[in-house]
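Shared between the two complexes below is chain A, which pairs with chain B and chain C, respectively.
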Partner chain A sequence: MSEPQRAKAPDAGEQAKVGVYICYCGGNISDHVDVEKVRERMETVPGVAVARTNMFMCSDPGQELIMEDLRQGRINRVVVASCAPSLHESTFRSAIARAGGNPYQYEHANIREQVSWVHHGQAATDKASRLIAAATGKARTLTPLEPLRVTARRHAVVIGGGIAGMRAALDLADMGVRVALVEKTPYLGGGVSRLVRLAPTGEDAAHLVTTLARRILEHPGITVHAGSAVTTFGGYVGNFTLGVSPVPGACAPAGETWPGGYVPGKGVLVPPSPDGGAITLETGVVVLATGFASYIPRPGEYGFGENAEVVTLPDLIQKIGGLEGQRGGTLVIDGRPIRSMALIHCVGSRQIPGIHEEDANGHLNEHCSRVCCTSAINTANAIREACPQTSVYELYRDIRTYGRGQEELYAKASGNRVVFMRFGADQAPVVQRGAPGSGHPLKVTVTDQLTFGEELEVPVDLVVLATGMEPGPVADLVEMLKLPVGADRFLLETHPKLRPVELPIAGIFLAGTCQAPMDAGETCNAASAAAVKAVSLLSKGYVELDPFVAEVDVRRCTGTGACVQACLNPGAIALETMDIDGRPVTRARVTPALCLGCGACVAVCPENAIDINGWTLAQYEAMVDMIVSDAVCQDSGAVPETVGA
Partner chain B sequence: MGSQTGATAQDKILLLATESCAYPGADSVGQAHASYPANVYVLKVKAPVLFPEKFYLDCFRKGIGGIIIMSCGEECPYEGAYKAMAKRLDRVYELMKEEGLDIRRLRLTAICTVCNRAFLNEVNQMNQIVHELSPPVQAP
Partner chain C sequence: MTGVNPEFVKRLEPLSADLGSACFNCGTCAAICPLISEHFPRKMIRYVQIGAQDRIMENARELWRCLHCGLCTQTCPRGANPGEVILTLKRYVTSVWRKS
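Presenting the complex of A and B:
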């Protein structure tokens, strides 16, 4: 890491003029907090020069309020009271910087997630008042800081060689960033290699995968590490270090195909890497494109595992391929004519507590997998068009053919005389062996809502389960990279709209179905978005880190060395001999680039001579003082009010 | 869930919540709109190892009724910080005893970014303790 540059010396002498800006959040806050009353209270707080409100502080007019006050010299410190700081702290810091202020003379009061969404009435207004007052207490003592600037490697590691990883890698490399693509199997292609014709356009999956993979393998800016996995991870944005090791047993069967050739269901075989063994990758950003896993039904779920005639939709797609040679008659699978088949939707998706059984780990897939309706209908159309003697029944809960061209597939299915039956979540169809002599090995019984609850029995030769998408098996990466995971167990972006492909960990991006179920088109959109975000981060050649590191007040330091002993990152603080007032003395000195900012040194200094910039002990004390103070509002004297969760 | 109390000076509870775990955990409780008593004030910290013994005692002197240190536990991004702080807390407990403070007023726990239930449990338990130790001021 390069030595950070610190531009300006803190200007502590200037008198604090705090501007307080309180957000209504379009009712999210103001429905529970009397925002105008809070503003009135803030006007009485020492050090507060102006207090204003706005319907949306994050909007341009909201930010302009702050910027205008800064430009007019009315304020030199800013407190914004709004949503969680993870959403808009950077928005407001940036507005301050644009108006010529110091972005670190800013404090955030979280009055949405931690007040209006959890408290109500007078109690909410009072708590918001105290929290904002506390923020002003801290803001008054904030000194100007400059971000730590560190060199960023113009290099990206993409984890996952499916369509998302390939799309992201190509976009990154085409924009001049060197890319290492790490894929745990020996193939490039991922989930799309297990498909044949992509809905709704009918694009050939093999052609798509082959085209992308060849471009990847020929691209001088991309190195592919196939059959390898990330085993260690460290560093920070701009300067990550990843250990990559071969996955034991991950090699293609000998003679299966030639490097660069396409294997249906697997993808394009990557030529063996010359380095072979474990390697270390030094990179500026990481793009996660780890994909999804297909839901595997429980034994006995719709007869799965107990009847050979019950298969999953991904298995059926691979078995029938492009329906070559099956024209004009009855579909034949494994030598068996399929005169009648049932496709059951929502298997392993939209599971409901109390109705569906949890998996071995206690998980339910409560999410909609989004792609299975279209995939099932696409398959039904293909079969009906190629094999008109095969009857197809679709048993569904709701049809969600949501994207461009997908509703047309649904309409086409009606034209193709696919028969639809609708079941309730608590009335799942029952798959049983067919009656002897019925001529069909299975029968499906369903209470059909489309015929007003009539119980229908369908004799079938095949039952196909439209299984959903589950989070991929990435527990090791989640642990290693400290990745946030949503309630649905997919990787969780910082914000679905404001930062849709970013994580709270700077420099790590999400691409594709590791984040949520998506179809191939959406996956490519997400991957390109991640690539562009990554490139824009690396484009300056450096990244700026928050300057929240320890700093020694050499006037107070007596050189006890307690901080050096307490430091959790050896080398970040050292005792040095320096000249003060013409005398050589021993004092502590911090190397900002190595300081973690944890504050272990702060607690042990007997002279209070070391602090974390932006998070000083005195600032915490000031916040506590304001929280206990009755200056902005009197304690109301317990009036309990029970509120439902 | 929980009750909203007009906080009295004695029953304010401070949560020292780590920025990488418990603070987003508190936000997650908010996103779930799960209510808890309004006498709870969350302060974001990088690592609670920053606070010396005196900070805790001063808080109690100022009238804070209870403090929950919501750390990252084993997920702590600063290796060694959790251990160093746990050791410091032993000394804080000793000092609390010397000053006649009930040590249940200070609690160390680990809260993850989605540990809503654990967060609410901790907050409610500390509320019970604080109310038991200093009964709410009677409404006029």
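Presenting the complex of A and C:
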């Protein structure tokens, strides 16, 4: 079977003049790659007009080298050989655009992560040469492309009515974007309404929730759909369509009316959605603020479920509230005096395979929940200060009171005579019924590293488990919106530093604890960041997308539909009837804004009628030709030695 | 098994100017102590924190090796005054010994 002939890559009618720019990366690359030798080799490669080096190509002088060559007409294609493209590809594309070139006539060669960080010696220099030569091979065939431009609705849907959702909605609305806030309960407030005093400032949670909720409800640019959930999702950045339906049973309890004020543990009651039934929201962006769930201990974990005197920290916080009326010296809970209590840290957090038991779904929470240390210490301080006759023991593995004002809480706890005990991960404290006559219903036995490994027996009236934060129950949204999820099962951002509130799906943003455990302050930071990112995306009225999407050559297409079957993003490619040479025929058509550019359709097309713009098969072939060519360096036959191998 | 008694520290309070509540068990005091005795005075301070009265009485002899040089108090990063805790324990042991 003969391979169908592929059309030659068009050359835009001009002679390709490739500029190659090789970075030292301040020694990161040049310590292992002979950069000047690579430059000499590149000067001999066909199509290469200039080859230059710089200590830091991403610096202003480095970018200026490229821009000056473009302005002088010495080059019309650019190859930069430096770090991974995820770091600086966009830097160099924008430099090209500023110099008047087409930013898509650019190819990036990664000679740091893929070469100098993993190889050394002659082999490193040779591998770098081949990778850059391959990039020049592709660059020669790159045609000018224009970014895809889609109109964007100046409207945002925020999913989740906790402080993250409220903060994001307010910020968006204040910047002139209409907002629909969808919350599945009838209340605004989320996780913060289950708290009382926020660490480390002592701010009143009810006041915070009430203030935000009032501003939300009074804002003319925000519509709240409470007691509703997103049930369908479609479209693409700038043009999403979400179906929102009432959640069965999510109506306000009888007797509670709006404006109902603040309900502890729930939040601020919202009037029911004016539409009542299912509605459709057309929006430009979506902000996910779906929050977290508290870990629920397994039955028997530290005596939980078996002893009424074992409770979780979130439950205790709600039970004791602001400790009003607890001024008698000894804490009283459910009529029972608590003379001595133990708080156990890291319950359901920092779990270790082989030591901790997996949940019913085989999951372990290996992450640190970050906020429970401070929350536990904050609660211990509140109790010790209001009820000095109640002794408090904190049993921990490690204490992490990170952040402004939080270490002070720990110092304050020492001053309040909270007694800390430290246990090893594999030596968890044991909670048992107290000995008859001991006067305490429970005893906690712990091998305490702070007492030189001695086994301590602590008689207590209450055991409190500082349970961690888990991802909220958003499996339906993950499925519907195709959201990436991390190993910890929280929603996963594109890059923790370079794109911290964005997802690979353009137009969807993360706000707050749906992404990772955060305290209330960090949650608001993240939510404001998401709002600003969303507004900057919508500000022009249109959205520009990279043009690396599939394109069908209708002359070659025979309408087999194999591409439609293979497509990973339903709707991105479809068969339709069109008129060709006066005859109606069935051909594939791409909706560029939906196309992921994955190439699945290219691989299955029996007619080779599809290509990805900027990544055509001809361009791949040009790269492979250059990799195997001995034009830049002779094959030494040596296998590159890997650093550290 | 070491018993923990939250009441014990209350008995020491009238005898003490500082019970080392700021201590976070770092061990700087034990490192600087010229006695170079195992974990002295850190261990005694820890026993005060958890109220391990029996352990203190078992090891009471160690208290009288202290030279009161003051290095531990001078170097404590938390300002917890370990020297005063040792003095307090001596006062306590003496008072109990008198009664018995």
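Convention: the second predicted complex is superposed on the first by the 445 of 645 C-alpha atoms of A that agree within 3 Å, B and C clash if a C-alpha of one lies under 4 Å from a C-alpha of the other, contacts with A are read in each partner's own complex, and residues count from 1 in each chain.
Keep this in mind: contacts are C-beta pairs under 8 Å (C-beta built on N, C-alpha and C of every residue); 3 or more make two chains touch, one makes a residue touch a chain.
Because the structure is predicted, anything quoted here is derived from the model rather than measured.
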In the superposition, chain B vs chain C on chain A residues touched: B
Contacts for A:Pro584 in the overlay, against chain B (first) and chain C (second): which applies, first, second, both or neither? neither
Touched partner set for A:Pro248, first chain B, second chain C, both or neither: neither
Of the two partner chains, chain B (first) and chain C (second), which one does A:Leu617 touch, if any: first, second, both, or neither? first
So, A:Ser340: does it touch chain B (first), chain C (second), both, or neither? second
For A:Val458, using the defined touch cut-off, is the partner it touches chain B, chain C, both, or neither? Pick first, second, both or neither. second
Which of the two partners, first being chain B and second being chain C, lies in contact with A:Asp630: first, second, both, or neither? first
Just to be sure I read the superposition right, which of the two partners does A:Arg417 touch: chain B = first, chain C = second, or both, or neither? second
Output check: A:Ser391 vs chain B and chain C. Expected answer is one of first, second, both, neither. What do you get? second
Determine, under the contact definition given at the top, whether A:Leu450 touches first (chain B), second (chain C), both, or neither. second
Could you pull out which chain A residues touch chain C in their complex? 339-340, 391, 393, 411, 414-417, 419-421, 445, 448, 450-452, 454-459
In the complex, go through chain C and note every residue touching chain A. 1-4, 6, 9, 21-25, 39, 43, 46-47, 49-50, 52, 78
Residues of chain A touching chain B in the complex: 84-86, 110, 112-115, 117-124, 126-127, 130-131, 134, 482, 484-485, 487, 504, 548, 566, 568, 596-600, 602-604, 612, 615, 617, 620-621, 623-625, 627-628, 630, 635-645
Hey, which residues of chain B end up touching chain A in the complex? 1-9, 11-12, 14, 20, 24, 26-27, 29-31, 33-36, 38, 41-47, 49-53, 55, 58-59, 62-64, 75, 77-81, 84, 88, 113-114, 136-140
